[in-house]
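Here's a structure for you.
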Amino acid sequence: MSELPYTRQEMMAIAAGRELRDGELAIFGVGLSMLAGYFAQAHHAPRLRSMTEGGVYGATPVGGLPWGIECNRLSANATSFTHALDALGFLVASGRCDVGIIGAAQVDKFGNVNTTGIWQDGLGEHYRAPDTRLTGAGGANDIACGAGRVVIMVSHEAKRFAERVDYISSPGYLEGGNARARHGFVGGGPSAIVTTLGVLRPEPDSKEFVLTGYYPFSSVAEIQAHTGWALRVAADVQEIAPPSSAELAALRRVDVTGALRKPAKHGK
Amino acid sequence: MPAHRLISLAEAVRRYTRDGMQYASGAALPIGSDAIVFGRELLRQRRSKLHAIFHCNSQQLNLLAAAGAVDKAECGFSGLEVFGFANGLRRAVESGQTALEDYSNLAMALRLLGGALNWPFVPATVNIGSDIQHRSAFAPEDYPSTTKIPTVTDPFSGREIGAFSPLRPELAAIHVSLADPQGNAIMLGSEWSRFELSRAAGKVILIADAIVDGACMLQFPNLVRIPDILVEAVVYHPFAAWPQSSPGWYDADEAHMLHMNQALATAEGTAQYLNEFVYGVNSLDDYLARIGDDVRARLSATATGFLLDPFRQWIKTPEQVAALLAHTPETHA
Amino acid sequence: MPAHRLISLAEAVRRYTRDGMQYASGAALPIGSDAIVFGRELLRQRRSKLHAIFHCNSQQLNLLAAAGAVDKAECGFSGLEVFGFANGLRRAVESGQTALEDYSNLAMALRLLGGALNWPFVPATVNIGSDIQHRSAFAPEDYPSTTKIPTVTDPFSGREIGAFSPLRPELAAIHVSLADPQGNAIMLGSEWSRFELSRAAGKVILIADAIVDGACMLQFPNLVRIPDILVEAVVYHPFAAWPQSSPGWYDADEAHMLHMNQALATAEGTAQYLNEFVYGVNSLDDYLARIGDDVRARLSATATGFLLDPFRQWIKTPEQVAALLAHTPETHA
Amino acid sequence: MSELPYTRQEMMAIAAGRELRDGELAIFGVGLSMLAGYFAQAHHAPRLRSMTEGGVYGATPVGGLPWGIECNRLSANATSFTHALDALGFLVASGRCDVGIIGAAQVDKFGNVNTTGIWQDGLGEHYRAPDTRLTGAGGANDIACGAGRVVIMVSHEAKRFAERVDYISSPGYLEGGNARARHGFVGGGPSAIVTTLGVLRPEPDSKEFVLTGYYPFSSVAEIQAHTGWALRVAADVQEIAPPSSAELAALRRVDVTGALRKPAKHGK
């Protein structure tokens, strides 16, 4: 990796940022997803209308990666502060938001996300305390239910890509097919899983995620080896363009403290 | 109106809290505004068996849970965002000491909205279909759960959606940027769900980074989102959210956020942290001294400082606040 | 972001309204803030068959109904408070020209809340048991009504309450005290339901008494309750609520309130009023001239004027606004 | 009347104001009810916590009777402005508010209030436009459902005191007895009807309003003659004390423009 002019985390953030289009209403979670979002705004989507789930509007981070979605690094230049009910309810759960970016501790072949806990032998019939407690759903469940589409960002490790997640914190396509329709979700579900190794997208009918792109530094075989289910490969799978110099420059303007160039840390 | 509603932190905890109570924090997300000092005082007064209603976890819940003071908790998010997992809460949950009931962040806001409106239930179009609906830590044998987020039928379309249970916590300790002595409050930055909480809670205590003259509120009535008629008492406490941030006042203390969370990962570390930063702290001056003059100066040099400029002329000095506090207020009718 | 979203009143009505549309007014109660000029322009452009969503009646609905432009209306209150009954609306309702569906004021706020949340229904613990629930002007033969506020069963207790239908009006013209050219807005005084409406409406137009520089919003982000991302266009229009009041800017014009309401009591009076104060008004300058310099000066000497003081430094002059308007803005993506 | 040192309207406002107790959370409608409320605060209930349905807190009127509940005469010295959902929902419909004062165009023996319309021959089975359209329910329905108790202020004329109102805009005791319980209202219902001639209160069980007090200038017979149902008289009916000089002074400090000393006008 050391010979690349960018890190895997930066490639992931840029690939995720490419999922956002100019003029859209978008909600960013904390950490990498926020960098991806503000990168898009700084690069190809200057009219992206962004917010965080705290109801922070019009802001761009100063001084580095915000510690949270209401961090002072984000509150220093907002045009509007409202509240959670507004951002997550009126604008996201309502279906007004075009796209959201969320993270995952575990994701499965139908794009269901677990950020709640890990149970070594599965959860079983009766709820019990997890062996490893994670961060809970936060606003991701609301985004997964309501946003027009959802981009999931996750570090590509086999333990994170499970045939079935231990706990569905935020719904993807549930059991696949049109299972979401049972619940009447206004949001369309995850459109992409963007990882440190490549990009997965759902098949139109089954909604099973298949590999549609690998990075210049990764390969189909490497990605399959790091996926916990038998990952199928799209017929038109292709190499994803590396960061352009303009993209990289824009990302690094946003990521002023170089969070994406440091070793990955745990977090939401 | 009473002369004022200012009381000390210790008196607020003595008067308005009890073991086993449903206690809510009025905060702005995991690492922002929160009345963390209220949690510290709860521990100094050895309150226990709390049922914590935290829209999101914060270092307050992390600390309370680490200290073993929380039997039940309900949260939308239980981490510390970029600061990682909340080790104290995590340890309490994994050991089974704290039963943590999961919801999403919107669900918590809606449940407070429903509490404020005294509704019997709140329509749920989120959390349904996921394990948040199916699994209940408070009723583990009920699977798939029929009681946590039951279904309700829309009478217009016949469509089934979910129903959230409203929240009406017994007490809320709400962190605000500015309060006047009567209890009118201004919050800077995201409100998160403090507005709804102030209406849903049985009683409200304000923990304010600063006290302003009432004239400030008359100049900015649209910013007074918590009027005095809802407030039992006001506690003056600079750096009330430390090591978290308070927009306008101070940034998050990165080093202490990490130190505290690391300490709370073990029983030993927690005991040490409690001795150093909770039990051993005897006064506001002592508290501020432990943060350290240089640290406070650095945190106060926040890029959000300009947000306070319109209000600075009305901010009371510590001496002026002390003079008010010297006169015991009447009890709120 | 677009360069700005400022357009003229005439252009706003041309671009965003149509006959038969569901049109909502963003106002503060019957005699306060309301974009009454928007209604005047609707009539100048001969819009008709409107379905009016007015949390409360105002002189705008009174005028629109008197002129025969309203087929259906939904209101929580249909009078003019101390100014009495709304004679124009009253005449239209009594003649059967306007079908007026009654709700309470809270019901209208809750229905907008439900629209903003995209809920299929909203729990109703008010309006049930009264004729507001039993009687529907839109479905007169359905008695007792089963469709207007049907019952829904609380899944927790089994108790029956009511269900309101959410409101999602096609367009809202919202009166605000201050807007920046991008569409960030500050409201002074009661918001009434303008916050919820701005989230429930398909499209939002702001009608602002004054335009401020965007720096004003950066200084007071907690006052910006309508952010630009929700706004299609901004119309600059001093005395937009006249003869009603706008806190900070001007008081209600008692004489014209009474004159207007008296005129609207008859078809003849309405025709005369329309000729004098609607059809014959050709420009903002003409409009201000018809109010009269001395009247405007008197109304502007309001006891609420101090509420504007913190914002005055950012208020743009009419010339500055005209210069911005001279450059056609891009269409909002 | 001319020989009295106060008007009937002033007597009514003072009698209504006497219903409010110090420290209570109270909501006032517009017009006379607002004067009654602020009179109470100015006289015997200095710690009354008052609001209007617009979410105007801490204010006292300046310059005369406010034209509305958000009038600048009331907005000139408020400590907090919020909104309708807050005032009528969070604080009133929720049951937090101790007492509300509402007006009426028509009221019946069970305290049901009509402010919606008059139908000369009754409304009948199918809804039709009223012969006389009134102002609608406004916030009174919400107050009638949620406030701990409700004081109804109404000019005492036979046409306004109906055996049965044409339309229930705001529920009193509906058909009487415990009919309110069917709907689960958190509010207790009307505790008094205060009129220009006297005061009526509900019998504990039947909830039928009976005459409990007349003014120095009125009489039981006069009141019965101006009531559209066979008004019964409480065993302990008594004369109500006239305004004290302190009361009258306090009321007139609130009613600076003398609205209560002018001929009555129509309104909410």
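Should a chain be cited, it is by its letter among A, B, C and D, assigned in written order, with residues numbered from 1 in that chain.
Just so we're on the same page, contacts are C-beta pairs under 8 Å (C-beta built on N, C-alpha and C of every residue); 3 or more make two chains touch, one makes a residue touch a chain.
Predicted model, so just to flag it, every value in this text is computed and none were measured.
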Round to the nearest whole Å and give the separation of the Cα centres of subunit B and subunit D. 40
So, in whole Å, the Cα centroid of subunit A is separated from that of subunit B by 28
Per the C-alpha centroid definition, the whole-Å distance linking subunit B and subunit C comes out as 37
Specify, in ascending order, the residues of subunit B that touch 2 or more different other chains. 117-118, 125, 159, 161, 188-189, 191, 196, 221-222, 307
Out of subunit D, which residues touch more than one other chain, so two or more? 81-82, 89, 93, 186
Using the definition of touching given at the top, classify the network of chains in this structure as line, ring, star, complete or other. other
Which chains are in touch, pair by pair? A-B, A-C, B-C, B-D, C-D
Using the touch definition from the top, list the residues of subunit A that touch subunit C in their complex. 22-23, 25, 46-47, 49, 51, 57-58, 77-82, 86, 89-91, 93-96, 186
Contacting residues of subunit B [partner subunit C, same complex]: 117-123, 125, 150-157, 159, 161, 163, 165, 186-189, 191, 219-223, 306-307, 309-310
Help me check something: in the complex, which residues belonging to subunit A touch subunit B? 30-31, 53-56, 62-63, 65-73, 75-76, 81-85, 88-89, 92-93, 112, 116, 123, 125-142, 145-146, 167-171, 174, 180, 182-186, 265-268
Which stretch or stretches of subunit C touch subunit A in the complex? 1-2, 116-118, 182, 184, 196, 199, 214, 217-218, 221-222, 224-229, 333
In the complex, subunit B touches subunit A at residues 28-33, 55-57, 75-86, 89-90, 93-96, 100, 102-110, 113, 125-132, 135-137, 140-141, 143, 159, 161, 188-196, 245, 247, 251-252, 254, 257, 302-304, 307
